[in-house]
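Next up: some structures, all given as structure tokens.
After this come two complexes, each holding chain A, first together with chain B and then together with chain C.
Let's look at the complex of A and B:
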């Protein structure tokens, strides 16, 4: 239906029309007692370590929404490109959308130029995007990858600050994890030693922080490829269900059954070869 | 150092632009279309990012063009802006969807994805404007 108070097509991108309405609603709902639902956060422990052959990233798998565990098997290590993965802490939707956009942009770039993207390019794109929105996008990311210039580990804060470090922990459990990393990190570690170190760091985050828990995921990126081990270690407190909640086949009795075969005949078949040169 | 000369260039008043104000005839607020106005709604942005996002593309262009002028000379931004103006003129009337193909290619928007491409796609907008009114607004006759 054509409206007569619309004089221009609305601009694409973020729309701020409802902001003042939402602020007014917060106060009006039952006299300020009821609040709007909280976004799902990944109060998290994520860690990363640069070792001799590549980069090891680790994360826990708990996503919280206020004081409730919203997801026990959340995947916090996101795919960016075949040689780069990114752990995300903060608001779950923000980390996922940001890493998705980053991955799409890098794919377009690698198709255009025929080159594998470098980790610095991903970090620059993230920095520009997050600074543009002045920290309103609550995403703290650990980006790790292997490219032609070596193994790199970067941290990107929600306001767009970056840091290039050999070992790193972020999230609500980062202090506990950083203690383990500070104690046992050595430059140029072997792969297995680095995996154990990251596992121990995430484990201490899970034990000491309420916002982290459940399983531990590990992602190993080397020049040869990526090994995404999910879960690397399952939590000892995994619940064992007492009963089966699925219905047995035959619970609902079948009254009548009518089978109508659909008769199709092949009229024409054409094969067109796709030029994949 | 002539600081007195700089002071003489300062303006007496700063122009204030309203947010989302629809100006009707004689430069007064158009009550029929946009309802009653209040100073708080008109002048202050409701969100921290509203003002910066409204002008983001303009500011980026300004910055890029001035950098280009400093590096390569005046001819570079002049030529680019000439191409932008030419591409902007070949679009459809305001109530129809134009593809902005030439403009996007010139600006480099065909090689990147950002929130402008995902959120609030104008072709999927639920509100459609009245063609005559949109044309009058565009030609400044309203």
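Let's look at the complex of A and C:
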């Protein structure tokens, strides 16, 4: 789909080919007592802040699948281009694939034109794609980057809405994080102060929201480069267990054993010289 | 997807918008407040443990709401599920215990409390108490006893049982460590009190790692013939 953007223009209007197929599938699954597999959501807290020298993005590292923690150290800050990173909340597969697609598109563009992509271009591509899918792609993204026009922070919602903001939080812990940001944000902050603010905002999301937890990742984007600190802060809870749970070899009973020897014979031998000059 | 087939119809042209009639808004009398409970019976002791987090949806109501309630000097009950029903049920059990004591001039035994709870729960068979109960205590001979219930009153006596939101994660671990299941050539050592308390703490640490509704702190009630001792251990707060 990314290449089709560059090579041919898509047919005009909305594409609803898959709607009747989806309805039929839902009916099939409900009738047959099998449930559709639940997509893994990130149930997240992500935040971003624009400061004097660049943009600071932060995220927690917990991915939940319903009420179970599926991944304790998942990476929610995705690489888009050398000067842009994107935090994603919502369905994990959607955020990963959307940001991958965006990154590929921008790489093709910068190879074609010889220029570094601007943040506003990335936002437009994202908005175009998410709006086209009418909210079926459950990705809420915070895109931050530094380009020749300055430091920018944008949010893109799953239905394709965008907003250009100086500070922002998204995900299930967004209200908790926004409380901290609203209280302490000032325009043109120093880098260290901005990092502490984002860390505190994510921390508040982690403590107040059950869908967020574990460690905090921070990504600092400036004109000089990117500092992706993973983890910026590890969770202070250390699970010290009191007993050791190790099993001796032989604890699992072997019921039957069958050994099939693989007989190999040399059929053909070729030698290929490597050029090691 | 369903919305589109209604609005667009089969041939892709927009259908006439028509009013579909009165819409029913459902009110659910239940809500799930999370929490995990665990009980283990030993030779001369019983342990009832629960986490202390009260949650709803993705929010936390309280970090200090233990789910073990002391009933008599020899019995503790752990209740998790819908907090409103937990509170009412424990009030009803307390009242019935007092009535029994006044009529019969003695405290109820653990087995008697279990049988009574079963009838109380089945009395609400068609609008159940949304509570997962586990009773832990000492029986008449002074041996540890654990009784586990379902929301409508089915119960049985066990050696160990986990209930609540992380029960599916804890029960297999207990089957392996206390029941020595799925292991060969391992000595079946009887469980002593110190090892049982360590195991309960470790098992809750694991539950708090992977279950979002379990965490904050762990309250352990150890029932012996000397009385009931309480211990609180911190767990993950995120």
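Methods note: the second predicted complex is superposed on the first by the 204 of 277 C-alpha atoms of A that agree within 3 Å, B and C clash if a C-alpha of one lies under 4 Å from a C-alpha of the other, contacts with A are read in each partner's own complex, and residues count from 1 in each chain.
Heads up, the rule we're going with is that a contact is a pair of C-beta atoms (placed from the backbone, for glycine too) under 8 Å apart; a residue touches a chain by one contact, two chains touch by 3 or more.
This one's a predicted model, so the numbers in the text were calculated from it and none came from an experiment.
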First (chain B), second (chain C), both or neither touched by A:132: first
Touching partner for A:241 - first (chain B), second (chain C), both, neither: second
First, second, both or neither for A:112, with chain B first and chain C second: first
Chain B versus chain C as contact partner of A:272, first or second or both or neither: neither
Which superposed partner A:104 touches (first chain B, second chain C, both, neither): first
Touching partner for A:16 - first (chain B), second (chain C), both, neither: both
Which of chain B and chain C A:43 touches, first, second, both or neither: second
First (chain B), second (chain C), both or neither touched by A:211: second
Those residues of chain A which chain B touches in one complex and chain C touches in the other: 16, 19-20, 23
Chain B - residues contacting chain A, complex: 22, 33-34, 41, 45-50, 52-53, 56, 94-95, 111-122, 125, 127-131, 133-134, 137, 142
List of chain C residues in touch with chain A within their complex: 1-2, 4-5, 8, 12, 55, 58-60, 165, 177, 182-186, 195, 198-199, 201-202, 205-206, 209-213, 235-238
Complex contacts: residues of chain A adjacent to chain C: 16, 19-20, 22-23, 26, 43, 62, 64, 67-69, 72, 172, 206-214, 235, 237, 239-243, 245, 247-248, 250-253
Chain B partner contacts - residues on chain A that touch it in the complex: 1-16, 19-20, 23, 101, 104-105, 108-109, 112, 129, 132-134, 136
